[in-house]
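Labels run A, B, C and D following the written order; every chain starts at residue 1.
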Amino acid sequence: MTTLSIGSGIKTSFTLRGVEFKNRVFVASGTFGYGDEIHDLVDVNRLGGIFTKSLSWKPRSGNPPQRIVETASGMLNSIGLANIGVQTFIEQKLIYLRTFNTHIIVNIAASSLKEFCDVLSLLEGQDGIVGYEVNVSCPNVKEGGMNFGTDCKMTAEITSHLRKLTNKPLIIKLTPNVTHISEIARSAESAGADAVSVINTLVGMAVDIKTRKPKLSTVTGGLSGPAIKPVALAKVYEVAKAVKIPIFGIGGIASTEDAIEFLLVGAAAVQIGTMNFIDPAISVKIADGFENYARENKISDIGTLVGALDADVKFSVIQSWL
Amino acid sequence: MNSMVQQLCPVQSCKKIATDTFLLRFNSPDIVASAQPGQFVNILTAEIGKGPLLRRPFSISRVEDNIIELIFHVVGIGTNLLSQNQPGDWIDVIGPLGQPFHRDADYGTALLVAGGIGVAPLPFLTNDLLKYGKRIETFVGYRNAGQVFTKHLQNVRIATDDGSDGFHGNVVQLLELFLNQNNFQKAKIFACGPTVMLKALTELAKRKSICCELSLEGQMACGIGICQGCAVERTEDTAKYALVCKDGPAFLSTEVNL
Amino acid sequence: MTTLSIGSGIKTSFTLRGVEFKNRVFVASGTFGYGDEIHDLVDVNRLGGIFTKSLSWKPRSGNPPQRIVETASGMLNSIGLANIGVQTFIEQKLIYLRTFNTHIIVNIAASSLKEFCDVLSLLEGQDGIVGYEVNVSCPNVKEGGMNFGTDCKMTAEITSHLRKLTNKPLIIKLTPNVTHISEIARSAESAGADAVSVINTLVGMAVDIKTRKPKLSTVTGGLSGPAIKPVALAKVYEVAKAVKIPIFGIGGIASTEDAIEFLLVGAAAVQIGTMNFIDPAISVKIADGFENYARENKISDIGTLVGALDADVKFSVIQSWL
Amino acid sequence: MNSMVQQLCPVQSCKKIATDTFLLRFNSPDIVASAQPGQFVNILTAEIGKGPLLRRPFSISRVEDNIIELIFHVVGIGTNLLSQNQPGDWIDVIGPLGQPFHRDADYGTALLVAGGIGVAPLPFLTNDLLKYGKRIETFVGYRNAGQVFTKHLQNVRIATDDGSDGFHGNVVQLLELFLNQNNFQKAKIFACGPTVMLKALTELAKRKSICCELSLEGQMACGIGICQGCAVERTEDTAKYALVCKDGPAFLSTEVNL
């Protein structure tokens, strides 16, 4: 993990709470498994890091099929956070993950504040985890299933509790299904988050007109893929205007050009999600793409692109008449 | 485990072989080298922006020298684009994927049962079973005579829904008739086809106490076990769901709830 | 306007506050002009009705170019509600629109409650307008540019004021860029709206990585087209569960099948937007498509499809873990 | 007003004529019947789901019998798909669209100026101006010799950025040289090309007091005046913006702020 800049002399690395990441390209939670199934098809060691599938306290079997629907330039999923549970993860996956020459950030999901804390506490004792991403797009069972991430107070509460439990990078992953994502981001920042990830999936649905049933067993699911890229960019831009902590930009990234758009609007790094399914090597191609772009544009540090958007300030996200 | 690869493969030929049915042949020494009957490949049917987002899964129908053969029905945009391939075109393929049929179990006669395009994996399976020295009886059901395709199969009996070829009825009924007339010591069913057919077959296999392996379909996003999209309910309690792409596509009929 | 059901015997019409519409297929505001430029390419008389481009009190010249960006299966627009103003509309367009054998619903946009009221009052005196659609996705100048449609109180206030001014159908067009669209819909319903239109565009953006500038002059714009259909369906479904008034379903409709999905999740009628640009005859094709579908499925009234989704009630929009 | 139509038109031919440049010919008696120089057509480059969402606008380059000719550069996915057309394919076209060049004004010599693929509308214009009995001088600028295409043009002078053909420099410099050497009583410029070129030309026309008409490009969604997407700023006060698709694409250089 010492190759922080490549032979080309271009600085690709960046640091978050003392952790140095070799570059700014990551794979998004739930779209890369635990890195074991896919490593035949992509050199995971070339990545800035891997965000694991969301882990909960107990294993979750997930939602009944049908869990996937293809849509125009996108897909809906309703996996139901199927995962092996944190204990099994530690026992079965972590040893293998440690052999990778890249950083592992564990994504945590839970249905209560206590569960979030329990999962993180258990992970704290383990080697090979550099930080945590907290998936607040989960229903809070106590609050009648209300989504944690749609509420500033709940987001702040989770963040501040977890903050007390760890000194490692703590990244809050925000849901886009809110009126003002910047307010949620600010709550996370004030409560001690080191970074935010923007965005999780958009709520969407699809109907089978022959059976007249929803295509997904859970009626609605999460929309991802190139279709949502414009929304994701606008959310990252809104958050970047509101907070000082770094942002992981996520949503529909399918090329180096897409990823650079995210850097320019203010993302310090990007996560590749759905496109891993279509081209398992895409993330490494984008890591290479960043370097080529830097070379062609005589940029010595990819970091100079972050927030380098040349935008007319008189227009703001909410004020422009659409 | 598999040694799967992602490759750009040159198309050798793409020909219409029956109503809405195409035979696609492409070159891939690497996939051929490790492919086994029952496995599948996942194909990008068009460059990004020129077709659907997700890859499309297809059973490996036959291998010959360095060539992979697929047989597919045109049912939507992805298969429509795939059918337009011509010699000289290149397709982006990931494979071989999934678990193969369990061909080495203890049985004398292999009963191969297919509904419609479910016939696709049978030629590869047939070829392999012949090596194991198994007796093969094949039962294929189609909607009508226009769809019938039986090349590279052994001892074929045909059923059509409209009676335009072979037995008038569905393929499970045809198999049942056959089972009633013949007495097998040890048989094993290998089946592929629409879920409704596989359900009926599961029922029949249970009644007749015949071991039955089903090749399932399932909506897939990744095809390699990372998205958890292609879940199918298990019957046992160990884990509630199996993944069609990784744990299957072939499952014992007693393993899964369709 | 008496052909409420077609020779086939299939009932295609429906009624809203006493107004009968010949079928359930409409064209969406801002995507059909005032019907005059496009009538060479489509028989407007076959439509349930036309929603006009948003009209404000004074003419608005709109935003500087670039106003349009193509995205994956969608487009961003930042037209800036360019329109000729309500007075010119009455003088120059309405006479011509009256010659159409279809219903005209005027869409109103404004930056203050007073402007909404003034525009509607002026239109009330005119023949040839059967109802109003109110675009609440506009910034409220008084409230520092906060979008009317993101706030229950402001939405209710506009609705109740306009309700007092007209006895014609009053339709509130909702923005999807909120946490709980059903709450906004309920406010509109309680305040006297006859129907809601769901959805307006999603906030999105795109960046030119060569110039490092936003592609749209206003930085962000509105995303529309097939890309947003899954989101629109989920929003219509959420609203349908919350209110009793009819819903106009809008968002990415590109085929009869898409439109039927909207009916099944609870839309009483549909509006076609972006796809008018790609296939100007699409709306009439969908009107025909509804009849063919009804014939093939032996349905005597298209209305029986509305809300006919066969969904498992144990899952709700917010509770399912994505 | 136009009598525009939406039609499926049969492709007659599609050939590469210069670097990344294609000539597409399709049949449409209806569009030919009303088309005028400077107008354009709006084409669906692929069926829905098999390409980009929006139509793509192209100037009508020539008409001949019932055939419309387009010349285009492959710059992205839409033009790439369009270039793959073959005789026998059908394309969905809306046209003719926009206002034609104002050819009937009071001038003796027409100075036709194009940058790169801006040459596209000139053959149709040339043919028409010859009918009006105008003298024509044509100036075309390209990046390099490989891009040069001058068929169906009159009295052509070429500029290339790299000097590999004709004048070494840009086409506005070439025109200025020509204007300095010749004295015109009444000339009118008709121009089409990249915005940066049109800006320089506007400047030159102003200095030389020559009437100048520009064919603009603009990001379009509908092409028929209903989306208000293709705005260009006007110089006069009457209305702030004009629509490229409806009020243009041809505008006097004094009418618009580029």
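Basically, contacts are C-beta pairs under 8 Å (C-beta built on N, C-alpha and C of every residue); 3 or more make two chains touch, one makes a residue touch a chain.
All values derive from a computational prediction rather than experimental measurement.
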Measuring centre to centre with CA averages, how many angstrom lie between chain B and chain C? 46
Chain-centre distance (mean CA atoms) for chain A and chain C, in whole Å, is 33
Just curious, how far off is chain D from chain B if you go by their C-alpha centres, in Å? 54
Would you pick out the residues of chain B that each touch at least 2 other chains? 49, 52
Specify, in ascending order, the residues of chain A that touch 2 or more different other chains. 63, 69, 72-74, 77, 79, 225-226, 254
Among line, ring, star, complete and other, which one matches the pattern of chain touches? ring
Sort out which chains touch which and give me every pair. A-B, A-C, B-D, C-D
Partner chain B, residues of chain D touching it in the complex: 46, 49-52, 77, 81
Going by the contact rule at the top, pick out the chain B residues touching chain A in the complex. 2-6, 44, 48, 52-55, 94, 218-233, 239-241, 246
Name, in rising order, each residue of chain A that touches chain C in their complex. 63, 69, 71-74, 76-81, 109, 137-139, 145-147, 150, 177-179, 200-207, 209, 211-214, 217-223, 225-231, 233-234, 237, 252, 254, 257, 260-261, 264-265, 308-312, 315-322
Considering the complex alone, what residue numbers of chain C touch chain D? 30-33, 37-38, 40-41, 53, 61-70, 73-75, 77, 79, 82, 225-226, 254, 274, 276-281
